[in-house]
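Shown below is the structure under consideration.
Think of it as A, B, C and D in the order they're written, each chain with its own count starting at 1.
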Amino acid sequence: MSADLNVVGQSVERSDGIGHVTGRTRFFGDRSFPGMLHLKMVRSPLDHARIIGIDLTDAERVSGFVRALTASDVPHNLYTILGLIGVEPEEEFVLAEDRVRFKGEAIVAIIAESEAAALEAVSKVHLDLEELPAVFDVEEALRPGAPIVTSWGNNTFMYEGHPCRRVRLGDVEAAFERADHIVEGVYNTSPIEQAPVETTGCIAVPEANGRYTVYTNTQALYFSLDNTAIILQVPGNRLHFVGGTVGGGFGGKVDVIVEPIATLAAMKTNRPVRFAYSRSEEMQVSSTRSAWRIYIKDGISRDGHIIARKVTSYADSGAYSRQTPYALTKHAANAAGPYAIPNVSIDAYCVYTNRQPTSAMRGFGVTMASFALEVQMDKIAERVGVDPWTIRFINAYRNGDMKPHRKLAEDATLIETMQAAAALVGHVLPDDLRAMTSAPRDAGPDGGRD
Amino acid sequence: MASRIVTFDLGGREVEVMVRPMTTLQSVLRNQLGFTATKDGCRQGGCGSCTVLVNGQPMLSCLLPVEDVAGQRVTTLESITPAEGLHPIQQAFLDAHASQCGYCTPGMVMVSKALLDHDPAPTDDAIRHALTGNICRCTGYRPIVTAVHSAAEAVHDAADAMRGSAGERAR
Amino acid sequence: MARLRGTGMAAVNYPTGMNLGGDPSQALIHATTSGSFVVSLSATDLGQGLKTVIGQIAAETLGVEFGEIVVDTADTDTGPHDMGTFASRATHRVGNAVIAAATEARQALLDVASEELEAAVEDLEIDGHGNLMVKGVPSRSVRVADIAALAQFKYGRTIAGRGSYMKPKSIVDPETGAMDPDSTEAHACTVAEVEVDTETGEVTVLSIRSAYEVGRQVNPALVAGQIEGGAWMGMSHALYETTAPYYPAVDHSPRDFSEYLMPGTLEMPIVESVILEMPSSNGPYGVKGLGEMTANSPIPAIVNAIYHATGVRIDELPVTPEKILRGLDAMAHASS
Amino acid sequence: MTVRTYLLPRSRPEALGLLDEHGPELLVMAGGTVAMPLINEGISLPEAVMGLRLAGLGGLERAGDELRIGATATLTQLLDQDAVPMLREAARNTASWSIRNMGTVGGNLFTPPPGGDVAVALLALDARVTLASTRGERVLPLADFLTGFMSTELAADELLVEISVPIPGEPTAYLKLGRKHASTPSVVTVAARLEWRGGRVTDARIALGAVGPHPIRAREAEQLLVGTRLDADAIAAAAVAAAQGCEPFTDGIATDWYRRRMAGLFVGRALEQLTPGAAGEGR
């Protein structure tokens, strides 16, 4: 087929390459506008607190101060980014109302003539906060008596009545009973900052025709526009979003955090307003990938076939869940790995704590599953007494196999990929592994197992 | 808070700017002069995306009050881009796919320029050491290191060709 | 001082696209008077090269040179809806939308050419280099650019196309988790080689070698770039990165790039890869999604290699020198 | 506070005069690599700042058996000199090229741990600092100048103007452990210098960085070495003493446990480099 193609398959030069090497590629922050104002946030210094009072008096006296925005200025101050695709409930505040749930939560937006003036005014906003007990561990948050982060009485995201995303195939407990080996593991991963070299930001500009143009480095232009329209309670046609050139994303720029408040600021001042995260805000305030704790229990037959896999995963969502509930669904769909396992049980919990919120990052729910599963596979190999290649080959899924989520595998090529990797590193595979393919199983000796 | 006028050489032309106290060179370049090739990745001196050359030495424009460079020679990526085509370092970055998002590229090119000006035939070790202050989140760095090697060869070949055309072949 | 070497492997799958679907991407294409084609999108390029591969896919489908394609993105006033660039979806979704739009535009082009050349549409072909001809009759060949101009000025027609691609939304069964959570699956297998200093616990990653099955490479140099950058990021996640060094404690979270550790030019391992292409049934020209997965298999491969080298199992990321040293201490204590 | 006054004195007397005039609220900045990030983010909000880049306090010269380093000599200048190899090594292991072009030797003495890698070397070298004010000058051993976490002997009206370093006659060792190989904070930094007579150590200096509130001397370890032939037992004893005697802290880079352990290990590794006949001798 490749022979029939002209340019697909060719390493043509990047179309933005010359712009990149000359510095002419225009990122959002390379624009500036006459009269542009700057927005900086007053953020919670505490992990969990009740807001008693906000005193703006000293801030308002700062030379260059233009105005402040608080929760009452935001037309629809409660939202969830995934509300657009039906994920509920609305849970996050653009600006905090009565309570802050993590250190760094936005409370007051300060708009000023310069960044320096904005920073100075931020330093002069006095917050009266009453500290509340906080919870930081993904399992402690589930224990009775733990401080409750959400507004609905427990610390889990609810999946259609369940506190976790469930996947069930076969009967794991029965299979554990007849397994020759049980291998258990618990895996922990740290939260990860996406760390694009360009921080998240935007500039909102009032136009002559009453519309607002928002130059943004969002990864999802319409997601940002639609959420902004909802939060500001304006028709979408008042908004014009321009982007498409992003200085690295890695999932860090799919949250709709900067555009709504910057656009509101432009509306309230009738001036262009720039709001971009500082590097420390990017690291300490913007959402990260969740910390994960993953428990795996596997039942294995004497010959090395995994006959049952039970996975219980907890993603620490932080104070707001953003895209994380969806990551748990993706995680649950992939938490058995690329293996044919007839009995699977997966419970994946999205848990709220008083940490920095979490959201998307490259590998959304799967990277951490792959880490846990592939370390687990080595432990299984060691227990069964085969090498790491063999254990993966004999368990590898093939086309036509039913995955735990009950979709039949269509594009399985794990076996061929492992064969290619073995060849690349000079690892000589035994003939039976070399002869395997991902073709659908027949009724032969390799097929039809439990 | 009186503003001051600061004059410096930017890529061979004298520029004069009026600044508030302690305005950074980065801010002057980007916000006052529209020289936005110099990037803005952290303002902490940690990412290298704002690297410019001051009297030929790489420095971080986010940490440099513009008043400190009054009367001095500042070189940015705009300054080294020729009227036609590309600087050999730019060409090498393009050919090696040493940019993905492109945000680190200006800083990387400027450090590479300083390196090749100091040392036209750097070792692999010298290239790697020169780039330790510049963060790239996309490429894994190897394509960038490869580009600097190629650029060094290209500069060297160009010099050879020039000598050759001058009829000074040793052979 | 002992330096121990070890090798570890890992094999992974990665699903393409927003997992439950319902995530449309749209594209519009029109020809200019000079025969260039403008692809209008609202999808974003994060640096992975979307603008480039979309240009390639449009050129391929239209049968013109890559240089004739202008990719105009992303502007909500001009670009039709797109869900966004994430979930390894962009090349798959936008690519499919662009194929649909280009196919429609190509048909419009052929319709005009059919009138101009007085030949049936079925008898026409475009050669991939901007020449439109009657099959088997090289003498009856015109430039696509000329047909584009004639369409505007002689026939008063648009040469344009609309395209959309959406995987229908899958509803998850809340009891069993039955769902359709992918469009296709790409695969990778990585072998990592490490050296561990048993006195400091420091890990040097010597090499990361991988096989990737990606369906179809639209642009091999960009694929290689994703793999090289992803291997680095995987190594970074395995050994360095954290915003909570002592989870669940919230202390010592980093503020800058000196505290948020990532490997640099002095830590680069050898990265090698081979690519398999086993086209997917639903991706544009068989594409699967590669972008996200390249950081995945290196992580467990490195962790497994550390175990192979030292006998210390670390089940907690990142694997810091301190964790290894404590593991070595515990092993020495147990055996003494 | 938006910076309202930025002073850029062109000479040492002008700098001292301005310092006197503006008093202790004046933030003195040399290379800006520590102060500017804090100002840029609004963490530090000084009203008035004095920059020393043009104050004529730079330069670096060999004078007899001393290396005299102007307070605003850059770390790059330190890397380019060859009179004191240990200082070259220290500069090479500090930050990145651009930062070294901006950061100053004097500024490094005020950089809180885990920074201050050059100060560690200077401490092992028995450097002395010259402090000047409109009242006059005084010279202090660096060991006495560093008094606590981000605190020194510097009076409010004084400027650090020069660091003088006796050029060592014997080989020295300098090792830095970071989590990466360059441009990274220190887990531990060790600088060691020994004097010998008749195959025995007659004097020892071991300075440690990132394992105390400021660069510190491992005095007990130093004493244990004097009189020995620097055999394996002596090295091991010194390493243990250094590890026990330091005051490591936990940060995002390393725990106190790991820093203490590495302090011992790297004191040992540094001393091994100084063993007669060891590779690396001649530094």
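Everything that follows uses one rule, which is that a residue touches a chain if its C-beta (ideal position, glycine included) is under 8 Å from a C-beta of that chain, and two chains touch if they have at least 3 such contacts.
Note that this is a predicted model, so its numbers are computed, not measured.
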| item | value |
| --- | --- |
| Leader among chain pairs (count of C-beta contacts) | A-C |
| Intercentroid distance (Cα basis), chain D paired with chain A, Å | 42 |
| Length of the line joining the C-alpha centres of chain A and chain C, rounded to whole Å | 18 |
| Inter-chain centre distance, chain B versus chain D - centres from mean C-alpha coordinates, in Å | 30 |
| Chain C-chain D separation of Cα centroids, rounded to whole Å | 47 |
| Contacts with 2+ other chains: residues of chain B | 20, 42-44, 46-47, 97, 99-103, 129, 132, 135, 137-138 |
| Shared-contact residues (touching 2 or more other chains) in chain C | 46-47, 49, 221-222, 233, 242, 245, 253-258, 260, 262, 264, 266 |
| Multi-partner residues of chain A (each touching 2 or more other chains) | 13-14, 16, 114, 116, 195, 246-250, 278-280 |
| Touch-based graph of the chains, sorted into line, ring, star, complete or other | complete |
| Residues of chain A that touch chain C when the two form their complex | 1-2, 5-16, 47, 85, 103, 136-138, 140, 159-162, 165-169, 185-193, 195, 218-223, 225, 239-251, 253-254, 279-280, 283-284, 288, 291, 326, 329-330, 332-334, 337-338, 346, 353, 355-356, 360, 362-364, 366-367, 370-375, 377-379, 388-389, 392, 396-397, 404-407, 409-414, 416-425, 427 |
| Contact set on chain D toward chain A in their complex | 1-3, 40-42, 45 |
| Sites on chain D touched by chain C in the complex | 37, 177, 179-185, 250-255, 257-258, 261-262, 265 |
| Sites on chain B touched by chain A in the complex | 20, 30-31, 34, 36-44, 46-47, 49, 76-78, 81, 86, 90-91, 93-94, 97, 99-106, 109, 135-138 |
| Partner chain B, residues of chain D touching it in the complex | 2-6, 8, 31-33, 36-37, 39-41, 49, 51, 53-54, 76, 95-99, 101-102, 181-183 |
